[in-house]
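My questions will all concern the structure given below.
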Amino acid sequence: MDLFLHQVLAGLATGGIYACMALAIVMIYQAIDHLNFAQGEMAMFSTFIAWQLMQWGLPYWVAFVATIVISFAAGVLLEQTVLRPLHGAPVLSHIVVFIALFAILNSAAGFIWDYTVKPFPTPFGTQPLFGQGLMSAHDGGMIAVTLIILVLLYLFFRHTRIGLAMRAAAANPASARLVGIRVGWMVALGWGMAAAIGAVAGMLIAPVVFLEPNMMISILLYGFAGAVVGGLTSPLGAVIGGFSVGVIENLAGTFIPYVGREMKLTIALALIVAVLTVKPSGLLGRRVMTRV
Amino acid sequence: MSDVLLSTRNLHAFYGNLQVLHGLDFSIATGGVTTLLGANGAGKTTTLRALTGMVRTRGDIVFGGRAIGGFATEDIARLGIAHVPEGRGTFSRMTAEENLQLGAMTRGDRRGIAADIERVYAYFPRLAERKNQQAGTLSVGEQQMLAIARALMLRPKLMLLDEPSFGLAPRIVEEMFVILRRLNQEEGVALMLVEQNAALALELADQASLIETGRLVMAGPAQDIGRDENVRRAYLGY
Amino acid sequence: MAQQDISFSDTAVRGLPSVEQNSWALWGTVLFLAVAIALPFFLRSFVVFQLTLAMIYAIAIIGLVLLTGINGQFSLGHSAFFGIGAYTAAVLMDQFGVSFYWTLPVAGVVCFVFGFLFGLPALRLEGIYLALATFALAIAMPQILKSSLFEHWTGGVQGIVLIKPDAPFGLPISSDQWLYFLTLAIGLMLAVCAMNIVNSRTGRALIAIRDNPIAARAMGIDISLYKTLAFGVSALFTGIAGALSGVAIQFVAPDSFTFNLAIGLFVGLVVGGVQSIPAALFGGLFVLFVPNIAESVSKGLAGAVYGVILILVIYMMPSGAAGLARLVADKVLMKAHRKGPR
Amino acid sequence: MSRRKWLWTTLTLGAALTVTPALAQKKYDPGASDTEIKIGNTNPYSGPASAYGLIGKTIGAYFNKVNAEGGINGRKVNYISYDDAYSPPKAVEQARKLVESDEVLLIFQPLGTPSNTAIQKYMNAKKVPQLFVATGATKWGDYKHFPWTMGWQPTYQSEGRIYAQFLLKSHPNSKVAILYQNDDYGKDYVKGLKDGLGDKAKSMIVAEAPYETSDPTVDSQIINLKASGADVFFNVTTPKFASQAIKKAAEIGWKPLHLLNNVSQSVGSVLKPAGLENAKGIYSSYYLKDATDPQWKNDPGQKEWTAFMDKYFPDGDKTSSFTVYGYTVAQTLAQVLKQCGDNLTRENVMKQAASLDLDLGMLLPGIKIKTSATDFYPIEQMKMQQFDGERWVPVGDVMSGAVGG
């Protein structure tokens, strides 16, 4: 029983990472209606920028804010330059371009900063928070920041005009144009915001998993899993999904005899597919109408 | 029938390489009601789309003294043309009131918007009751009302309506046409109407045009057109 | 790399759909066959080996064309079927001493069954959700292959070392050349099968489901059956490719079938042209050779160069090599028409 | 002492070789000529294992140094390294390209057990040396069946046995928990430990937890291992996961006797990120010097390495153990080629590789590279060391866990 609780706690701590990433994924899905496979690498690259800024002597919070600003601008720029020519191209072409971006960012980061793991500072400290150190202050801080972002996003999307315009532009671009919304800019803004949230996620995740060019590859997968379980259209769902993936995986790895420890990821993924077959749009997601 | 609000000259429109409009010339008067008649596939919807830059065009479109041919859709909307598209273009995942808010996206005056929302609710009392409901869950008639209300939030000079009566019960259609007439008279909004129900459209309109396979074949006062033998046989079911 | 250009332009011609271009297609096919048969006698054996691999990937991509291009279902997980095919062949050869040639149909059937079974839950998923479910399959596959549950057969993390068959009947060609011809023959056979499927009643049903599922249902098409069948057949193609690759590489290991392979196949599908079966060959060549080209440009930034090439290709050929070829051919034919007597 | 001896060996060899050319007939296989020796290599420069690519780059830098200093017996080394993305099919393709198109004399240091397994049969059939492979699997010393393949580093299994010897001697009644990477490398370590513990393995090992390289963290595994009540933690992880494991164990207050595999021995790139205070007391076994360990600051071998890095590989990461590894293994090959003299046939390369007795600058004092016609395991000795919070302190003598050879 003790072990069970410990694994749940640790699962929540790890789940915080996934939730954070899932949130960034849902964010961009809201803005562009695609899943961005390069999202993890964008977050990783942002985190390296933060690391570099700190190496140059900037204090943590200055680097933190600067990185968010830089990432936002880079996200907007990326959309305007690389993705703009793809407007109206089929989904498959988009996915290939995301794969290309993935390769470019990963390779460039390795080229610039090499592949040795680098420690990344945490603003919250690593002292145990509770549960005999299963939840450290950093884990707590990360979860808190994730929840704060969630609330901010909620307020932004529900209660600001620009948030409303962004949702409209993603949901029904043709109609959005007819009411005068500049859809292109909304998409670029969505990229910027997703990049910024990704940067926050990266900077919170890096102290746990250590900074290196490949740090996000598997986390992106778990983030996808979380986002999908929760429903790609719901930020709250993404956060809940992220936490549940963390807990489920730990419990599967611990309590399913024999195959559990070797195949905990496989089991977690199978569970997710099972969830999807019962609820094809995730736990909190809305059924998306297929547009022609 | 005073000054001209919008006019086109030699308007062509294309879907990809496929040409659909072959040089239309027509005009809409300020505060007037024009209806566009024609068989399915004649190019009525395309004409509306051409006016708001939703398809590739060639030729001149002048609106309020300004050439808007080739403008982006959102910029045309900002100039005051509200297009209620085929299928209503509802933002179905959002609430009715959010849809209205979106209609006023080009405007910055918070207070004016709030006042307009109340005014729109006065025209469409049913929407006020449903304002926090998901727009996608409204009835078809309510969604059509919502689409017109949303267009109105733009404070348009010209409203383009694409088959507003499609799929609606006759009673609702009548109700809607009453409101459209009021909008035209009270708010001074010019209307351009593409309508299956030609009789109803001719009743509301003061001008009418008839297009066939992308070409204008007849234009004039609605009453004259309504009396034309060919039109009566083809579109009015006599 | 002249051979690449030749086979590409040839592919282009064969990709043409319309009736009046049939004679072009015929001549193209003849030319292609002539070149393809002659090549191994003029190239170094490792290039023959590379071309064999490219054709193997092309066969796997044909599977994806059937699934994605024809039936409209996504898959980012075909590395799993590729792996199952390779392991089926390897285990049969290694543990049961089955001849390599017999393992190919078995691998196909086994993959068909797995594909069909995976297609069942996939039925409930659409678009991006299906893409992610298949991606999950790709991620999980190496883990499953490694598992100590099956270690007795699969060799676990160590994999299985295989032997390449020599040319039979005392043919005076090397085993590389023999495998090349074998792959070419199987590839052509499968490509013809795939085209026949596309042009059959089944193919029309698959296309109808892709374009308008509601109308397809109204026409009395059993959507569930056809969609799962599409998954099964697609896996069958990819599985046979996997079995061939196991023997060509002479080694199967979990690390050979990671999600990177799935992504590679997907990229091959898109750059070739999702709806064109002949263009799968272009996809296969791309998968194999472009990383090498990128590496020769810059070792440190090979990934970045690859990414840039990929983006440029998508910009220049938004509907793949097949689309570009069609465009060029249309222009050429149009000119010919204007000059022509008609 | 050791350095002097090494210098002496080289000098006498050199002297011998400068005399002999006039007498000896020059013999070449593909890849060798009067002016050049072509050697091939595959490394993962892209993909998830790209961290290892640093080894390939270090080797390249080392041969730049060799060439700048006049080459080997007057011949420049042409080092051709290709990316295999840690994928066996790509490794086969690249190895064949090296042998058949670039026509290299030998393939040196291809990395990873799967990739090497994939090319082993081919290399032996073609009779091209597959020399000093970069993996610690046991199978690379099978000179009877694969006379063209040779390993280099101590095998994972022998290292596992060394820890077993250590445990049996000083902690015979401990309970052991193992964290290992779920692949050939991890499983070999576990096998080595189990074999070394012999009959006691069943009673001593109380928990085993595998992890995948795709796992974001190993937190869950560490919690399970702690819950097993073990008082010895055998940590078979690559650098990133080693840092995570050390940090997590400290965070949850688990303080077992900690045995860390030498893959992750680096003070600078593993222990420091994990927190030096968390790493205090860890045992590990070593055969190479850790360049980030302050005790070697004035060591001549280390100084030479530092000079090399500064001049020929300034972008290279000096905190990573891979640069030390690449440097030392490249030195080994340079010695083999030197010994070959003007007889640069593949057969002679293997013959010389199988008659090494070397002492290199970055090998721990007392550890040698030794091979013979029946010993294809160049490095078989290691030393136990303990981390005192700042540096590694040797514990006991040189140990050998020879497996297979």
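We just call them A, B, C and D in the order they show up, numbering each chain from 1.
As a working rule, a contact is a pair of C-beta atoms (placed from the backbone, for glycine too) under 8 Å apart; a residue touches a chain by one contact, two chains touch by 3 or more.
For clarity, every value in this text was computed on a predicted model and none was experimentally measured.
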item	value
Inter-chain centre distance, chain B versus chain D - centres from mean C-alpha coordinates, in Å	76
Approximate Å spacing (C-alpha centroids) for the pair chain A, chain D	37
Mean-CA-position distance for chain C and chain A (Å)	32
Intercentroid distance (Cα basis), chain C paired with chain B, Å	50
Residues of chain A touching at least two other chains	103, 107, 110, 221, 262, 265
Contacts with two or more other chains, residues of chain C listed in rising order	139, 143, 146, 300, 302-303, 306
Residues of chain D engaged with two or more neighbouring chains	46, 48, 182, 212, 214
Arrangement of touching chains [line / ring / star / complete / other]	other
Chain pairs in mutual contact under the definition given at the outset	A-B, A-C, A-D, C-D
List of chain A residues in touch with chain D within their complex	2-3, 6-7, 10-11, 13-14, 17-18, 103, 107, 110, 114-119, 126, 128, 132-134, 136, 208-210, 212-214, 217-219, 221-222, 249-250, 253-254, 261-262, 264-265
Complex contact set, residues of chain C against chain A	68, 121, 124-129, 131-133, 135-137, 139-140, 143-144, 146-149, 263, 266-267, 269-271, 274, 300-308, 310-311, 314-315, 318-319
Complex contacts: residues of chain D adjacent to chain A	46, 48, 50-51, 53-54, 182, 208-210, 212, 214-217, 219-221, 223-224, 227, 239-240, 243-244, 247, 251-253, 269-270, 272-273, 315, 317, 319-320
Chain D residues within the chain C interface of the complex	45-48, 81-83, 85-90, 92-93, 96-97, 99-101, 112-114, 117-118, 120-122, 182-184, 187, 212, 214
For the chain A and chain B complex, residues of the former touching the latter	161, 164-165, 167-168, 171-172, 174-183, 233, 286, 289
